[in-house]
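What follows is a short report on a single structure.
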């Protein structure tokens, strides 16, 4: 499916749950609400014409106003690509796990939980694995984080 | 310490034994210097250069250096690559498991002072001298095999210049 | 009367000869059999993503070398491409060709390390040195071009840092000829070796469904019969100009993963020959302001590195520093998949599987 | 005195006369002479072992297009001596939680067991310490001590890797003992004697009198023996007890300094032992023209050692279950069939 067909197909099949975003100049980017996430992902994975069976990457982001979690999907059979983004409030950020759809999401979600402090619901193994065992300085990837070993380089 | 280290002290009790002890000292440190078995310890980029130095073109084996997988049988730990805070206790433990006399080469910028991660990495140990005593520092990111060899030769020189009294301290 | 038996736990790593760095695997073993694998990573977590947010775009590039040091050209490329996409920079054609040449050479170098290390993990020490010996030929080419052996910082935003020297093409062709010739030696040394065959054939089969589920990519995925190569399916750079095909294998066992990479060396040689011969004249770098500021936006850029899909998710707010750099290393997913298909194998097989999945730890830990 | 006629015979005769002249009783004479013999053997074999280590490193290096040790002496000829002196200086680490006696005696037993086989080894014409009439049986018996030592090392170290290595080595050596013994038996059936001296004597004369050429089952027995012997000596492709990439260093993972050196030297002495047995049984032992007999013996033995070293630097290693399968499902049937063949050939006299 070409990009335009894909956007049109998604526009007509997802009842407005996915909104296309301006930033998607290369692959189509869609925004989805946190509560619709699992349902949408399941449909993206199962739909005969979409078949997004491969989760490339799952990344968290802190924009200083809100958290964003983005999912980059590829269909290995139909060779098309799609990026999803979920925006979360700063307070009590929580997201549903998608690891029952793509098993590879497991570690990525763990990482998001560990470095951003975004809680992952229904995750089977939320334990620390990147930071060292005695870590007690909070969530280092947040923008307002300031650890003792972290020197902010001057603005240019 | 091995039994043989007590021999020079024993020899010095006899007339003329001092001369023998000096010769023995030379032989012992020469033996140490010419058969440094290094521990296969590589964490990051420098490990690849360490591998290359062990391989055909640079060939560590010329200096009698072969790798040992277990710290018990190693004389030298070449800390190749970034040591993170999570890895630091393991490095210390490996060092503790090695048998005396033991030496440490800090290979690459990361092990010297944190390298490119000095200012703003929350996870990297800024220099391994906080963890283990270092004998030779080799700068570079990563150091070329030639500079690693140079570092090993420097360590050989250091070992050869050791006196019997140093062994107690080490 | 039955004897009482007990399972026991073995801690493989973080310092273990077969974990290629600092991966730790907590194995629950029943005699020689591994019944549970729990990978523990993070021993090389250097917070590269956090540091990148603290630096300007060109300052990020040297860190990319350290993110995946075995194919650092590819890491440079993935970041530069993402930044170029955001800033809408057109890269000159010569620079694209040079990128392809360097990345493909780097791919060969990486697969040669793979060949050697896999053989060493299975007990044959000599192939390890043979692999590294041929790798030196490639490193010589890199060294004369960009002055470094491992961390090149060669591919910059907008192009490449230096042009190749005159005579590069001859040297490169000679190196490729040697490597192609030596590939037959490698295969003669191992592929017809009965011990090698019993150790690898039918061992550690990775079914295609499991591979896709876990996001395994690259040669390990193609060895399981999934025909997916980003160089072809999401064309970037100038790969579409060359005549090449994607090799695949069907069984997905250790042997297939091993032979798949040797096949990919051949493909890379094929691409390289065309790229070196067809190298156009022109600039090697687009005009990029010293104070590089991309437009505000968000992009996920993916390329095919030697281990699989390498991705860079770059978020910019229009200032000199990126807001977010997320690096996707293929080993992250490849390592994650190991417990799913390698459980209930012998410990010796686990070593073989780990080696042929070609895990590089900095890619996992970042 | 069991020492028969040989090149060194006059020396022993002289020593015996000297001792008799001193008026020592015969028991003391024997004790002194055997003590001297043991010292000579120990010295020679240690030198052989040191030489083999150096040789192996050089061979490996040249296979891999390197140089190997170059810095101490001509082409690093005293590299292993330096290694040994260094290992002597190393701290002797004793693990806190260990089985003390077992941990201590394992390397000693391994080292001693490696030398035991040389009691009946005919180094040259008449150069044999004791020509036991059960020579081969004795060798088969004492070489198995090594496995006990390795098992002890694995158990005593209180380390999981070491334990796995010890168990692997026990399984491996016990399995390969069978094909090794049976392939030697084929020759014993033919000669009708277990004595090493008899076996060598029955191959005297021309080169086609060597058992590997003389009888059709000879080559098969040699091949099966070589495979089993490589396994017995714990070398690649059968080095699973100390598989570096799997078990770190296997049974010797906790040993440092001199104790490790004992294991290390014992390994090379074992290598020499199995090659010497092969020389004696298949290649006519010390038989050969012109040169002194012991030179022939050493030449042949080092030739077989070279073969085993070439194996080591070209093959990957087997997995433990494949190793067992190979021993019991392939080697044992083949060697038994070979033994039956030997019996038939001997009975009907189909040989020259």
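Read from first to last, the chains carry the letters A, B, C and D; within each, the first residue is number 1.
FYI, contacts are C-beta pairs under 8 Å (C-beta built on N, C-alpha and C of every residue); 3 or more make two chains touch, one makes a residue touch a chain.
Here the structure is a predicted model, which means the values were calculated and not measured.
Student: Which chain's mean C-alpha position is nearest the mean C-alpha position of the whole protein set?
Tutor: Closest chain centre to the overall C-alpha centroid: C.
Student: On a C-alpha centroid basis, what's the spacing between chain A and chain C, in Å?
Tutor: Measuring from centre to centre gives 24 Å for this pair.
Student: Please compute the C-alpha centroid of chain B, do the same for chain D, then give the distance between them in whole Å.
Tutor: Here chain B and chain D have centroids separated by 35 Å.
Student: Indicate the whole-number Å distance between the mean C-alpha point of chain C and the mean C-alpha point of chain D.
Tutor: 45
Student: Multi-chain contacts in chain A: which residues touch at least two other chains?
Tutor: 131-132, 140, 150, 152-153
Student: By residue number and range, which residues of chain C touch two or more other chains?
Tutor: In chain C, residues 16-17, 42, 45, 47, 50, 54, 129, 133 touch at least two other chains, as defined above.
Student: Going by the contact rule already set, what residues in chain D reach two or more other chains?
Tutor: If we look for residues of chain D contacting two or more partner chains, we find 64-66, 244, 248.
Student: Got a list of which chains touch which?
Tutor: Every touching chain pair, ordered by label, is A-B, A-C, B-C, B-D, C-D.
Student: In the complex of these two chains, what residues of chain D are touching chain B?
Tutor: On the chain D side, the touching residues are 57, 61, 64-72, 76, 79, 81-83, 85-93, 244, 248-249, 252-258, 260.
Student: If we count contacts the way the header does, which residues on chain A are in touch with chain B in the complex?
Tutor: Interface residues on the chain A side: 131-133, 137, 140, 147, 149-153.
Student: So in the complex, which bits of chain D are touching chain C?
Tutor: 60, 63-66, 160-161, 164, 168, 236-237, 239-240, 243-248, 313-322
Student: Please name which positions on chain C make contact with chain A in the complex.
Tutor: It is residues 40-42, 45, 47, 49-50, 53-56, 85, 212-217, 226, 228, 233-234, 291, 297-302, 309, 311, 313, 315, 320, 323-324, 326, 328, 332-333, 336-337, 340, 365 of chain C that touch chain A.
Student: Quick one: in the complex, what on chain B touches chain A?
Tutor: For chain B paired with chain A, touching residues are 84-86, 119-124, 126.
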